[in-house]
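Note that the chains are named A, B, C and D in the order they appear, and that numbering of residues resets to 1 at the start of each chain.
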Amino acid sequence: MPRTVGICTGGGDAPGLNAVIRAFVKHGVRDHGLQVLGIEDSFNGLFASPPAVRELDLVSCQGLLHRGGTVLGTTNRGDPFAFPMPDGSRPDRAGELARNARALGMEGIVVIGGDGTQRIGLRLMEEHGIKVVGVPKTIDNDLAATDMTFGFQTAVDIATDALDRLHTTAESHDRVMFLEVMGRDAGHIALHCGIAGGADVILLPEIPYDPKRVAAKVAARSSLGRSFTLVVVAEGALPKGCEELPAPERKQRLKRGGGAAAVAMAQLDGLVSAEMRHVILGHVQRGGSPVPADRILATRFGVAAAQLVMQERWGEMVALRNGEVVGVPLTEACSSMHFVDPAGPYVATARAVGVELGAPAPDAAG
Amino acid sequence: MPRTVGICTGGGDAPGLNAVIRAFVKHGVRDHGLQVLGIEDSFNGLFASPPAVRELDLVSCQGLLHRGGTVLGTTNRGDPFAFPMPDGSRPDRAGELARNARALGMEGIVVIGGDGTQRIGLRLMEEHGIKVVGVPKTIDNDLAATDMTFGFQTAVDIATDALDRLHTTAESHDRVMFLEVMGRDAGHIALHCGIAGGADVILLPEIPYDPKRVAAKVAARSSLGRSFTLVVVAEGALPKGCEELPAPERKQRLKRGGGAAAVAMAQLDGLVSAEMRHVILGHVQRGGSPVPADRILATRFGVAAAQLVMQERWGEMVALRNGEVVGVPLTEACSSMHFVDPAGPYVATARAVGVELGAPAPDAAG
Amino acid sequence: MPRTVGICTGGGDAPGLNAVIRAFVKHGVRDHGLQVLGIEDSFNGLFASPPAVRELDLVSCQGLLHRGGTVLGTTNRGDPFAFPMPDGSRPDRAGELARNARALGMEGIVVIGGDGTQRIGLRLMEEHGIKVVGVPKTIDNDLAATDMTFGFQTAVDIATDALDRLHTTAESHDRVMFLEVMGRDAGHIALHCGIAGGADVILLPEIPYDPKRVAAKVAARSSLGRSFTLVVVAEGALPKGCEELPAPERKQRLKRGGGAAAVAMAQLDGLVSAEMRHVILGHVQRGGSPVPADRILATRFGVAAAQLVMQERWGEMVALRNGEVVGVPLTEACSSMHFVDPAGPYVATARAVGVELGAPAPDAAG
Amino acid sequence: MPRTVGICTGGGDAPGLNAVIRAFVKHGVRDHGLQVLGIEDSFNGLFASPPAVRELDLVSCQGLLHRGGTVLGTTNRGDPFAFPMPDGSRPDRAGELARNARALGMEGIVVIGGDGTQRIGLRLMEEHGIKVVGVPKTIDNDLAATDMTFGFQTAVDIATDALDRLHTTAESHDRVMFLEVMGRDAGHIALHCGIAGGADVILLPEIPYDPKRVAAKVAARSSLGRSFTLVVVAEGALPKGCEELPAPERKQRLKRGGGAAAVAMAQLDGLVSAEMRHVILGHVQRGGSPVPADRILATRFGVAAAQLVMQERWGEMVALRNGEVVGVPLTEACSSMHFVDPAGPYVATARAVGVELGAPAPDAAG
């Protein structure tokens, strides 16, 4: 009798989810005889009655490698521990989930998702005995447990392409052009696309910016005959003075201001004489076919997840460490974030080619 | 002694402007011995003292074919008839422009721009004796005088790519996803990218939409098991009831509402239960390297402009008519716009593959 | 009882085939209640026993718009009139096909294919009473009956992208770089990608070339300090002196020489001192997702084919004429090819920006 | 008085060369006051009389980040130690080079190139006292001294795009389709694009292949109803039995056979009944704008090279090691190649998703 496992995708989608599923099924089914049940819409497919699951065989994986999104569907509202009913009661969804998983013969579940989703998986394991193997997913590449996550490089690609396009229009019109990219807490996408696209200014959540420095950069370029400026803004970037605010207030501040780019433009109002314009890339960044590097990483993760399952290494998450894909404890995986290091190599590279980060270099600040 | 002509680019930039300049210079200089003076920032280079013009020779055209934007620079504030000074006086900029053009030995000027820019050219010719040849430019493809303008197909390409990306993320999250694309008065970009990208709903300035029809489409899809919907919105689209408003009020309505996509989402609020999200593509649509079809059309226009100059057919504009590039009177060129025909072939094609336009087909309405 | 029609794709694949199928099914099934049977591998699915056909409903069309190739499969060996058996006998395949089509209740067949496939369709109609509606397909855009075919613009896009890439490497290495693109009889792809990609030389089947003119162009560039040259060669281009050869000998000549680019390089050997390199793009040109313009044209063709079927206009083929999609008699459709006109506007445009075609302009030749 | 250094690019071009130059100049000139002299065509610009060098300042770096190729030019024939004159004499080019470098005030030279070019640099330093700092360049990513080289990921991207395109045409036509990609000695590009593009078979120089295994894979797919097969072939791949041949004979064998893909097709002749077709991507792989990851790596390398120069760490080469850019001794840099490890993680990943490598897994072979 084949061993049976479930697989689900949680949180925001990222290019490469389908490639993970495909690799897991290909390796698990073909080489190890697993039976794989795809769970729909994060964990929700296991609350539904009847449960919304379907078998994933080799045929169902055809064409998945190139395809964006997730064929399993996903949702940000899939926490079985979280939702009260309209009448205030809290049905025991986690228990129902566990009962359904067992009734379907699932030995465990492969959970592809970000830190929130992994935390749910961990709790299901601890409180309800549901065995899980994790696969990290965050387009922002902000998990400390793994050196890289799939989807990130595709997002950088899309953002850089947008920056390349804004370059020519900014130059033609002598404008200060702002591109707001994803990155609520960590500015990796902004930093990478900014270096790759030749941004003049990069504003990150990790480095509160001084609008005067940004304005000085615009002026300095102008004095060199470059009458346009490209500014990349991560969606969580805020000016100096907000760094002590608690997260919800920062978020509120950004929302009220129309997003990080609009806030930055407002900060520069009066300091800069050129026309300013902004574009918010938004959901475009997480869709479409993954770039080759993400397809490869996702494939490696899917294969490694199948191997963890075969070795019954439940409670571990796959992760990239120094070029190798390994298993790490899920507890560790959920515990810390990976932020842009203001003194790290990418920020230093940006500064070295003349990018203004809105604050002096750390060693120059003292 | 070589004949000398000026060339300038006015209004918003469009992919292909540099390809026009290159073709004009290549044909004019190499084959006809013209001397070409590039005027900076629309007509503004001829107000400046000293005038901001530079000779464009064959070497200066290298690499221009692929390059987005315009090497001459452009501006929306280049009307020599328009600007009062801060003290309310109106300096005779058009006269100054004409004097400078003559002092530089210019026999005439090739004006690459939209209807506004062409109108300025025409007035310069009529009131100041500056001879002009026009090249039409509008990324929206909304000039009646020519069957097609360069830049349009690049914009459709970029918008379709964004729609393809939103497709996978909308599908994964069961969302109603709105993509707002350019098109203040004419919805050609929205209609073309909507057909090409498989949109379920397309909202155009030319067809005031009924939110109930849009909501019914979302519901119908849902009943067929398709729990997501893709909506393309031209930036000038408004719901029924606004069609009689004068243009400034329509514009105001859109601005207050946060743009056409946000207005549409607000209209659907309460009618649709799925999550709704939107993306405004903005300036990304007009930047970057032109697609091959636009490079070819721009090259044809540039060559034809040189031929009009050689034949001293001043007062004409190049235009594509039934596959041929011809010269048409500038007066005609500025007189009418080309809107989406609600009874035309593209709208009919969209309807035939099940796209909801927000209103019944014209023949079905009676 | 619904009317039933078959649909098949024949000859080489082209981007947009699936978009035609999708549009035909969407319009035919949803709006007119047709039952559509997809026939596999050109007409071959109707010889097989049992016949290889499957119903195409709305669900089976999901995702087809963006997808290259054809979900029905195709083959160049699908002529039911052509194939003798190994023992020399000729089974009555066309008769069998007709019997199977009738047994399956097919009122007629929509045939998507090039001139060869359309000719088979016409013969099936004339000799076996199988009603057909045609949809033209040729990536080379060489059918006289229609102003444009889908797939062509995608091929031009891919070839132009390759040319852009070769540009930088040719320039870095001071090489004469040859790109061989599709076009056995008609050089439209070569001409369009050559103009769009800034080729210095374009060699076409329609214009026998003089190697000395090509060498002179290389030398002229060199004397202007441009030490590289980009040459686009259509796969059917041959030097002067071959124009009187019958088609099979031309083909043989090209095959023996290693293809048109290799033949051209051999012709230039001794005339040019720079390093020469070549790339044959081959099948890459016909694969992958269609560009938006091809998706739109294919959608228009699919919708129009459904309308011809509904109106029982059997024996007609859809075609683009002056921007309108119309029906034309199949007999006309198969009767003539559309070649590059050496005196036409695209060749003239190429010459006007300095492209060498390997022969003097027609009016300059007399 | 500013310090003066030369910079040159040698060997085949790779996307990212211009980004290295730009970053070196930006950091060196702006932050450290270097004077940078660009040497044309590898070292050749220093033989010419007068020397072909030009100053690279901040203005000359505008637009370089996105641009493929190298603005300095390059050549495979730039070894000052190698070329005899037609009369057999060997002029002292290296000595001349050293004299010219000194006469121009160059304190040293930054050499961007592969192992061959670096070896020339090392020899210039050892024999002629020319100080050098190296920047590794190989599109094949086959230098052991650095974990990654720029250009590689762009090549993988282009090759994967081609494979995606061939996928749809192979599927439509039931063909075995071969894609030959770069990789004379090391198969990294083939392996990465093969995993990313979903190849069924990958043939590498490092793993001599058994044609019977490849044929068995084709047959196995066919029995599962997949009637097409995608084969990626590195240009140095050969069947079993050639592994003991010396390099020149292997090369000869490939050349005679029409390249690695044609050799593989010939090997499968008679073993496979499906139609076989092949495409050789060739120079297209090394041209065009670098992908973001390559722009970033190239920028890091350029900055690091400037830092090595400032710190007078002559005789070192920049290299990526575990995510950090460091300096390593040039002697080490030139001493060993990085091949695909048949027992390494990428080959294992390929096998795990069912890719046939043409030989059993190492541990399965015993």
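Methods note: contacts are C-beta pairs under 8 Å (C-beta built on N, C-alpha and C of every residue); 3 or more make two chains touch, one makes a residue touch a chain.
Everything numeric here is computed off the predicted structure, so don't read it as measured data.
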{"item": "Any chain in contact with chain A as well as chain D", "value": "none"}
{"item": "Length of the line joining the C-alpha centres of chain A and chain B, rounded to whole Å", "value": "35"}
{"item": "Whole-Å separation of chain centres (CA-atom averages), chain B against chain D", "value": "42"}
{"item": "Centre-of-Cα separation between chain C and chain B, whole angstrom", "value": "31"}
{"item": "Multi-partner residues of chain C (each touching 2 or more other chains)", "value": "164"}
{"item": "Complete list of chain pairs which touch one another", "value": "A-B, A-D, B-C, C-D"}
{"item": "For the chain D and chain A complex, residues of the former touching the latter", "value": "22-23, 26-27, 30-31, 58, 62, 65-66, 147, 153, 156-157, 160, 164, 192-193, 195-198, 224, 226, 291-293, 295-296, 299-300, 302-303, 306, 322-325, 345-346, 348-349, 352-354"}
{"item": "Residues of chain A that touch chain B when the two form their complex", "value": "9, 12-13, 17, 41, 67-70, 73-76, 158, 161-162, 164-169, 171-174, 177, 277-284, 286-288"}
